[in-house]
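Below are two complexes that have chain A in common, paired first with chain B and then with chain C.
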Partner chain A sequence: MRVHQYEKAFLWLGAIMLVAFMIALLVTSVAMGIHLPGRAGEVDPLSINSIEPFNNPGVREVGPGRYEVVLLGSAWSWNPSEIRVPAGSEVTFLAASTDVIHGLHIDRTRVNMMLIPGQISRNTYRFERPGEHLLICHEYCGAGHHLMSGKVIVE
Partner chain B sequence: MTTGGTYAGGIWSWITTVDHKRIGILYFVSSLVFFLVGGIEAMFIRLQLATPENTVLSAQAYNQLFTMHGVTMLLFAVMPMSAAFFNFIVPLQIGARDVAFPRLNAFSYWLFLFGALFLNSSFFLGGAPDVGWFAYANLTSSQFSPGHGVDFYILGLALAGAGSIVAALNFIVTIINLRAPGMTFMRLPLFTWMTFVVSFLIILAFPPFTISTVFLLFDRMFGTLFFEPAGGGDPRLWQHLFWIFGHPEVYILILPAFGIISDVIPTFSRKPLFGYPVVVYSGVLIAFLGFGVWAHHMFAVGLGPVATSAFSGLTMLIAIPTGVKIFNWIATMWGGALRFRSAMLFSIGLVAMFVIGGLSGVMHSSAPADLQQTDTYFVVAHFHYVLFGGSILGLFAGVYYWFPKVTGRFLNERLGAVHFWLMFLGLNLTFFPMHFAGLHGQPRRTFTYPAGLGFEGFNMVSTVGAVVTFLAVLVFLVNLVRSLRTAPTAEANPWEASTLEWSISSPPPPHNFDHTPEVTSRDPLWHDGIAPPPPGEEEFHMPNPSFWPLVVAGGLLLVMAGALVGLPLVLLGVAVTLVGIYGWSFEPIH
Partner chain C sequence: MSVAESTRAVVLDPAGYQFPENQRRLIRWTLYIGYFALAAGVAHGFAQGLSYANIDVLRYFPGLRDYYQGLTAHGVANALFFTFTFSNAFLPLLTARALGRPMITGFLHATLWTLVAANITVIWAVTTGRATVLFTAYAPLQAHWAYYLGLVLLVVSTYIASAHLYVMLARWRKEHPGERIPLLAFISVISYVMWDLASVGIAVSFIGFLLPWSLGILERTDPLLNRTLFWFTGHAIVYAWLLPAYISWYALVPRQTNGKLVSDPLTRVVFIMFLLLSIPTGFHHQYTDPGISTNLKMFHAVLTFGVFYPSLATAFSVVAAMEIGGRRNGGGGLLGWIRKLRWDDPSFTAQVLAMITFVLGGITGLINASYLVNQIVHNTAWIPGHFHMTVGSAVALTLMGVAYWIIPYLTDRKLWGRKFAVAQSWIYTIGVLIMARGLISGGLEGMPRRTFRVAANYGRDSWELAGALTGIGGTLMTVGAVMFFIVIVMTIVAGKKGEGPKDIPFAETLIPASRDGWDAKLDRLRLWTIAAVVLVLIAYAPFFITYLPARLISPGYNFF
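Now for the complex of A and B:
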């Protein structure tokens, strides 16, 4: 079969791009270990309010410059709705939902994960600069979805 | 035995029709009405979002409207408009006198119509569903959605979905069995090919959705716990089942449009389609890969590294066959004698707009990038470029292209050009700014947004664009009405196209072909590709009109309504359905 040389070049270009995509995918996920935030365990949604650590939502310091935020989403509010952390600290969010599916998104960060009832979601982020970030529910959760917001204040 | 004959007049002849061309017209008119309904819903959404903290709508009304806009546009406008073309055009393109099961075909139409009307009636019967077209569990449970909106969603889509499955089976059998002599698979026009592929997508994608809605119905009505986390169920199950349907569904929406423009572009370039086999194979490959990418809708759920990487890679792969098609269309136009009729303008518009939608689609295939864009207006921009810029433009190309064949009349070309350019401008004004609004963080499905976050400008431009798009649709309606009032002047093949439907009069007689054509080439009308008919009259049998499909569909509608009203109505519906099936089975053949 005779293939025109431009067409051949184009096929090669396409094939190379495809292989490059796949290599990039494998290197980043396997060799560099870059993974999306995943589920970090299960929790019974009925008794979540009495289970460690969700019986005590809030911010706590777990080491020098390291904080843990236990966050509960319920229709239609966040507990706590205001989170204060110092600039430069590494913050681990441990979040869960008490009723329907919510989404935890912190504006201008890469913190974005779904909160499935019964599932614990975990994500870590370093807040470098002082400022204020909007914390919103990112998954449609009913009539008051647009009201479900909070703040992360980096001091 | 009959030869020829004409259509009977009157409304009863339309209600009892089993003729594929008339059913096609019924599908077209109904889908156009629902396209307008969905469009008006979109206009309300855009009016509400034009300015921050707007109060044109309440949050409740907004949530119902965005849910119904999605459901209506996907399932009651774009799919049935594709079905209108499947019905009218496919039998003509393969040289058949009707589909394989004409009464089943009428049954599909009535199921679709009843499902759509049933779901839309919820607006007047206590409120439409307000859970999004994706209806994520467990927001849909009776605890969090106590009204009947979700029940209307389940039952209405069960009716319409059954209609789609039945129609898809009908077209698979038709295309396999009723092809004229010599019409081999690799001579099928591309539109027929894509109908064939889409039919397989429908019969494989709709059952998981039907099953998940049945699970949901059981959860809501009988207290089962399929999706109820408090009782050990799993809301993620709904997401998987929904997207195993939902992602192939987007190919169900786009492949017919790809098929249409693969017929239109060669006609108006006066060149055979470039790389016909590759266009066919890439269509098949898109459909096949389309079943392996559903979880890219769920990256934010936290699926684990293996699943995320696999779905990310498969999603990248699917860009290849789609890109192949784009290049084949461009290569078909390359060096051709181009005629920029309205159908061609819409086809070229599809190619351009789909490239934009495809590029943002490849961006989503990268899971970390997708995570940033999840549930923002960037996603809304992406899928409107592929659905409006792709499916809708492709379907309008089909309307302008086949209108003379269907009605014997031409749509006005000058108004057609105005329609195209207004729509092109409108859709880009509406959807392009949404990319930026999304990347700035504007979330989807929120009925309003506060001032001062930098969303105001983008949203105002989008609303202006929506108004322009609406004007474009009005221009089309004016064109449609004006054309229908002119005298029929179209000859058999006004565009000098190559496929079989153009070998017979416009509009075609009820029996389509006096003689079943024998095909000897892929572009029969360009290559003397129809063997001369044998002497004498050909004998054939045309199916009788029947009202039994309507009775059976009506019975099923009563069953669905009864699920909300009470057991007696369900039993009545079952009785009507059984009587209908009995009458259908033993209907005498005249």
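Now for the complex of A and C:
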């Protein structure tokens, strides 16, 4: 197959660029230890209110500077809807839905995960600076979806 | 014209082929259904843009219950009905023209009437408020069964159109043993091969789960499995929308500006890569989902970077083709050829502007695909910012540009309002760029998508400018869209009779297909299809093996 020399050069440059991007992306995730949510267990959405730890939503200190937030999403509210943690703490979110799919997003952070009935969503994030963040449901969950919000206050 | 020369065209016989009037009429009416869908979709797009600017115009929409009902209509009408209806008409027409034979009238009827049935069913379900679940139809929000049935019928119409393509190609091959498939036919057929394979996911989800579940036959369903099956189809579906536009960019646009398609074999390679790589990438839409291993997500991330490659190759090819045209038109210097392109031709202008916005659409897509970075943008307004520069303009504007020759061609009428049509594509493009700028910057500040912002009980100051730009851009897009409909309607009723183009604008190639050697193996569609299936199995088997059986845990919810 004949390929024009400019086209050949362009295709090589493109390939190198994509491989470089890919390496950068693998390095940030593997070497720097930043993770996406993955498999974190299952929970029956209909009996979730009587299953540990979701029978007791809220913020708990699990070690020095380390917190765990158990968070339930239901149409159309968060439980708890206000989360307070000190600046500099590392917070692990354990979240699940009691009904339909919801989306958990804390603005201006990378806490961004889907809540899918039956699955537990987990991710960890360090809140460095004091301030207030929005806790938003960002997946359509019915007529009141735009009312499903809360706050994360970093003190 | 000698035989050696004739193989340079992307069609078999450049001398011309005329379709019988009854077939032209059926293709025409299929296209009209698509434009009707676009009109319905765009109407609510206008309200969505303004909602992000904190202006509520919904109350002036008679019969509309809420924002999300309109958003469902917008997604379904624009992204599903408009796009696939167009493909159902465009691909058989191009394939038949490329092979120099008539279409098969029975298939055209079957496609058209299945589409009509799909439209009626879905329109009923959505307008009566029984299906406000958005076009993604995520369980366990449960729509009326008619909604799922209507969408299944839409997919069936694409299967009928595919069968039409396969039968035409098989007959041609029988009559022309050992010959290379004309390029235009090859890339048209392979686009629907890819889609047929990709659609298995939603077919299983809708027919196996959602339809029986909404009918009460199945009491509960599995939300994660349904979602995963949706996205099995859901990334490839964007290529099903895009490939007809690529076909036009590769094989038709060069002709419209006096250029040439650079390479026949490379074009085939690009489309084969889309067949192979479009589907095994679906988990990049589920990066933030629980229940899916991060290793698998990483694997799909790598393949997603792979499927970016054929688009990169396309960028070179289509620009080179136009440069050839610009220089043949007398343009000199490094960039002087750009001014010599056919900017007075609305069909050309619309499609070039579509390509330009697609550069930004592609770059933002690569950012979405970038694994951890997805956590910054997932489900924020950034995402509709991104895809209005892909499907919302690269595809939509290309299909508008195609309309500017195909409607005159099919009606044998002169295009009405040439200058008006040129202005149309500029206005739409400027609109989409402003709207995307708004949505993208808002998204980076956490402004969510799929949200009735006017009534939201939260917000940030930084969303004000972003929202205003969304509203301004969306309004300009709406103006552009309305101008498009004016041109089409006026052409149909008032275009000068007998002055339409007599043939489709097919290009010629600089590097033609060769009859023998390595290059000829590119035509082995069956082999490529098997390879694609194997890749899909490698990419998806780890999930299904470790996950199944289905967890039937969720009853249906009707929260709308």
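Note that the second predicted complex is superposed on the first by the 133 of 155 C-alpha atoms of A that agree within 3 Å, B and C clash if a C-alpha of one lies under 4 Å from a C-alpha of the other, contacts with A are read in each partner's own complex, and residues count from 1 in each chain.
We take it that contacts are C-beta pairs under 8 Å (C-beta built on N, C-alpha and C of every residue); 3 or more make two chains touch, one makes a residue touch a chain.
Predicted model, so just to flag it, every value in this text is computed and none were measured.
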**Touching partner for A:101 - first (chain B), second (chain C), both, neither** = both
**Message:** Which partner chains sit in contact with A:25 here, chain B, chain C, both or neither? Use first/second/both/neither.
**Reply:** both
**Message:** By the touch definition at the top of the document, which applies to A:11: first (chain B), second (chain C), both, or neither?
**Reply:** second
**Request:** Identify the partner contact of A:3: answer first if only chain B is touched, second if only chain C is, both if each is, neither if none is.
**Result:** second
**Message:** On the A-aligned overlay, A:136 touches which partner chain: chain B = first, chain C = second, or both, or neither?
**Reply:** both
**Request:** Figure out whether A:119 sits in contact with chain B (first) or chain C (second), or with both, or with neither.
**Result:** both
**Asked** According to the contact criterion defined above, which of chain B and chain C contacts more residues of chain A?
**Response** C
**Request:** Mind sorting out which residues of chain A both chain B and chain C touch, each in its own complex?
**Result:** 10, 14, 18, 21-22, 25-26, 29, 34-39, 44-46, 75, 99-101, 103, 105, 107-108, 110, 112-114, 116-119, 121, 134, 136, 138-146
**Request:** Sort out for me which residues of chain C touch chain A in the complex.
**Result:** 66, 68, 71, 132, 134, 138, 140-141, 222-224, 227, 262-263, 265-266, 286-294, 297-298, 301-302, 305-306, 308-309, 312-313, 316-317, 320, 366, 370-376, 378-380, 445-446, 448-453, 455-458, 460, 511, 518-519, 551, 553-555, 557, 559-560
**Prompt:** Which chain B residues qualify as touching chain A in the complex?
**Reply:** 59-60, 63, 130-132, 136-139, 144-145, 229-230, 234-236, 298-305, 308-309, 312-313, 316-317, 320, 323, 327, 367-368, 371-372, 374-375, 441, 443-449, 453
**Message:** If we count contacts the way the header does, which residues on chain A are in touch with chain C in the complex?
**Reply:** 1-4, 6-7, 10-11, 14-15, 18, 21-22, 25-26, 28-29, 34-40, 42, 44-46, 75, 99-101, 103, 105, 107-108, 110-122, 134, 136-147, 149
**Asked** Residues of chain A touching chain B in their complex?
**Response** 10, 14, 18, 21-22, 25-26, 29-30, 34-39, 44-46, 75, 99-101, 103, 105, 107-108, 110, 112-114, 116-119, 121, 134, 136, 138-146
